[in-house]
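Questions regarding the structure given below will be posed in turn.
Note that the chains take the letters A, B and C in the order they are written out, and that residue 1 is the start of every chain.
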Amino acid sequence: MKILFDLLTIQSVSGDEGGVSKFLLEYIQKRQKHWKVRPIIYSGEEFHDCILLKFGKPSTALFAHMDTIGFMTRYENQLIPVGGPEYIDGAFLVGKDSLGDIRCRLKVEDDQLFHDFPRAIDRGTYLSFEQNVRLDEESIQAAYLDNRLGVFTALKVCETLEDGWVIFSTYEEHGGGSMPFLLRFIQENYPIQQALIADITWVTEGVRPHEGVVISLRDKYIPRKKFLNRILDLAEKSEIPFQLEVEAYGGSDGREVQFSSYAIDWCFVGAAEENVHSPDEKVSLLDLNSMIEMHQYLMKNL
Amino acid sequence: MKILFDLLTIQSVSGDEGGVSKFLLEYIQKRQKHWKVRPIIYSGEEFHDCILLKFGKPSTALFAHMDTIGFMTRYENQLIPVGGPEYIDGAFLVGKDSLGDIRCRLKVEDDQLFHDFPRAIDRGTYLSFEQNVRLDEESIQAAYLDNRLGVFTALKVCETLEDGWVIFSTYEEHGGGSMPFLLRFIQENYPIQQALIADITWVTEGVRPHEGVVISLRDKYIPRKKFLNRILDLAEKSEIPFQLEVEAYGGSDGREVQFSSYAIDWCFVGAAEENVHSPDEKVSLLDLNSMIEMHQYLMKNL
Amino acid sequence: MKILFDLLTIQSVSGDEGGVSKFLLEYIQKRQKHWKVRPIIYSGEEFHDCILLKFGKPSTALFAHMDTIGFMTRYENQLIPVGGPEYIDGAFLVGKDSLGDIRCRLKVEDDQLFHDFPRAIDRGTYLSFEQNVRLDEESIQAAYLDNRLGVFTALKVCETLEDGWVIFSTYEEHGGGSMPFLLRFIQENYPIQQALIADITWVTEGVRPHEGVVISLRDKYIPRKKFLNRILDLAEKSEIPFQLEVEAYGGSDGREVQFSSYAIDWCFVGAAEENVHSPDEKVSLLDLNSMIEMHQYLMKNL
């Protein structure tokens, strides 16, 4: 899990994914010789900060977003959110501007956000929750688990994948915007019929820690029933622990697959976390393990 | 109207349009020999559950969505909406899960939805209003009129159409998602410059039953003035009864034409109903008739 | 500034941009012989009411929207908004229907809108604020400055531009819809990697009149950090006065670049106004001047 711990130290609030993208690309270039199949790697300015890996002859793509929620400095000592971070009064935030490193506290007053850094911070500076990784036998707890665990899952899938696309996307937490050009590139190069989203969802009254990876039957948007039935049949056969989610709200990169100019089925498959979008996101190691196994199984058998 | 009555018995909540699509395809394959022109039929997994019919040399497409509003089971005995159904306490809902047929009542408590079925229902099961078709000399009343009447209109247009696309779309009630790939397919095969939406709207203070089909000058989105002027000139010439709608809210497949990657004009043309998105949707037969005639006229003369 | 004054007299509420488009096209055709480079002009029904100018070998496009906010007549004497106009009780509105010219007052009652014209107005008639241009040594004040000043800026850029697209778009104030097909056309003909939005923003606690053109680091959507850094480096070098905006709300044609099927960076560059979306929009002439200079500089040096 060394790579996961490394990933958890990198800040990459939506719009500023350059650092994590560079780190991932170096890791992929170093590790791919140990993978069952060496992928074709698409990256660079033509793809903004996204990375696409094509293994063999794909019919399915796995998507994992590299960005996280965070904050941006406005005027005076105001902050505005990037994506939907929890407003936790007193939480430590970190970042960097033209004058150097920043560590300050988040102040929440009547739903308005401020920082307490002693000097002015450059306008438009990204801040995010200070990292504090905690691991025990049952769970991992940290900031950015959403979606470092999806990125980690995608890398584990790469190790044994023979046919499929693996995609690292940007901007998911803040409305999206990279998926449309990624999907166009995929469909114009080696088109797919189906997409899996490797991302993190929420513990709720119906989804419990330690009970297996979540297969989402819907969030705000609804995958096609026929495709869900195929996924569920495979999931049963796999004997990997899973649970079913049904939500009226929330979204993922699947939303942009649904509204793309291509007929591509999609399904969200990921572990559930507690303390969503906070410095204390917590995920069961059993659920993470079944997330990895389920994506490996589905990418092979869909 | 046999085909309309048959259509009204089929459940097809957004995301689960497989059944109505199969039924329609069989009907089209059986009936097309009686049509003035036999269309090229595009369907199958490549188009998900949508159906495209190309007649002659099209410059215009008519779109009718096949899905309806409904409900989905969540955890315990909770329900969440699909699209925007009316919350009618005590209304009968029907559906089917792995254990068999379901008939239960909708319970509304503080805007939360529940069912009263005696056993647990599989997570993610679709339910929709129980059908009860009522026909008299003036009106038809039933569930799913929105948009079975649009589908019926499209089929009537098929009988005499020489040049044009007729498209049966999915997911309209729940945010859309099939229109982008349908439009791309159309534009890459035999492109159009204009689109008509055959769908059902609302009776309001300005739109009355029995006063003709509604031509919508806007809903939440606004068609281009130049195109509306052409439609209105033709509508006047047609001598078919019509009325004009101006709304600040609501949408249709026209929304996705507006935001597509193609310069395609669009206009909504359809009958108005009372008791929208309920088991008691009610439409004037005169208005339905003028809806059919207007679409036939516009598809020929635009 | 004769052309700006002419532009300010033309009504072009979203959906009804035909008039301003025709006027602009005639101006462009007349003036282009005085420009450093003569562009290829794309316009006509194939592009709805939009105009695209291709100069030399573009890598960047400048977008200016031609539409304005306004109102539309509904039933009785009701009005509904087009885009987000200020609700100013007693403001004069003008327009035209089948019976002739209209001049009336806007009446605001409990957030409902009405007009006081003595006769009924055709359903779906566009009205907009009566124009009243006021110019002094420091500022210009008028209706429609948003976005006539962007259009004016674009025309000034045309005078000296060697390589680049200049695009006049529609529907920006009412959710958009022309950008997707404009971007597809551009990318399929002479593709770009970056986009500048020439539009008007708001005076706020952080953005003041007479302090230079605004470079927006974000509104509701967030441009890519790497691209903003390049813009800011150039802006510093240019020695043109500018200020930085950070907003959580609002949008522009940049939104549709962000969500397009192409990897195109974007940034909003424009003067800030007081009395937004009213008949009394007010912009500093210094800021307008730096808006023109900054777009000229960036289109040359990006």
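Remarks
Here is the rule we use: a contact is a pair of C-beta atoms (placed from the backbone, for glycine too) under 8 Å apart; a residue touches a chain by one contact, two chains touch by 3 or more.
Please read these numbers as outputs of a predicted model, since none were measured by experiment.
Interface of chain A with chain C: the two copies contact each other largely through different residue positions, with under half of all numbers used appearing on both sides. Rotation relating chain B to chain C, from a C-alpha superposition: 120°, rounded in steps of 5.
If you average the Cα atoms of chain A and of chain C, the two centres end up 36 Å apart.
Chain contacts: chain B has residues 261 touching two or more partner chains. Within the complex, the chain C residues that touch chain B are 14-16, 18, 45-50, 72-76, 80-82, 123-124, 126, 171, 174-178, 180-181, 183-184, 261. Of all the residues in chain A, the ones that touch chain B in their complex are 193, 204-206, 217-218, 220-226, 228, 244, 246-248, 258-263, 265.
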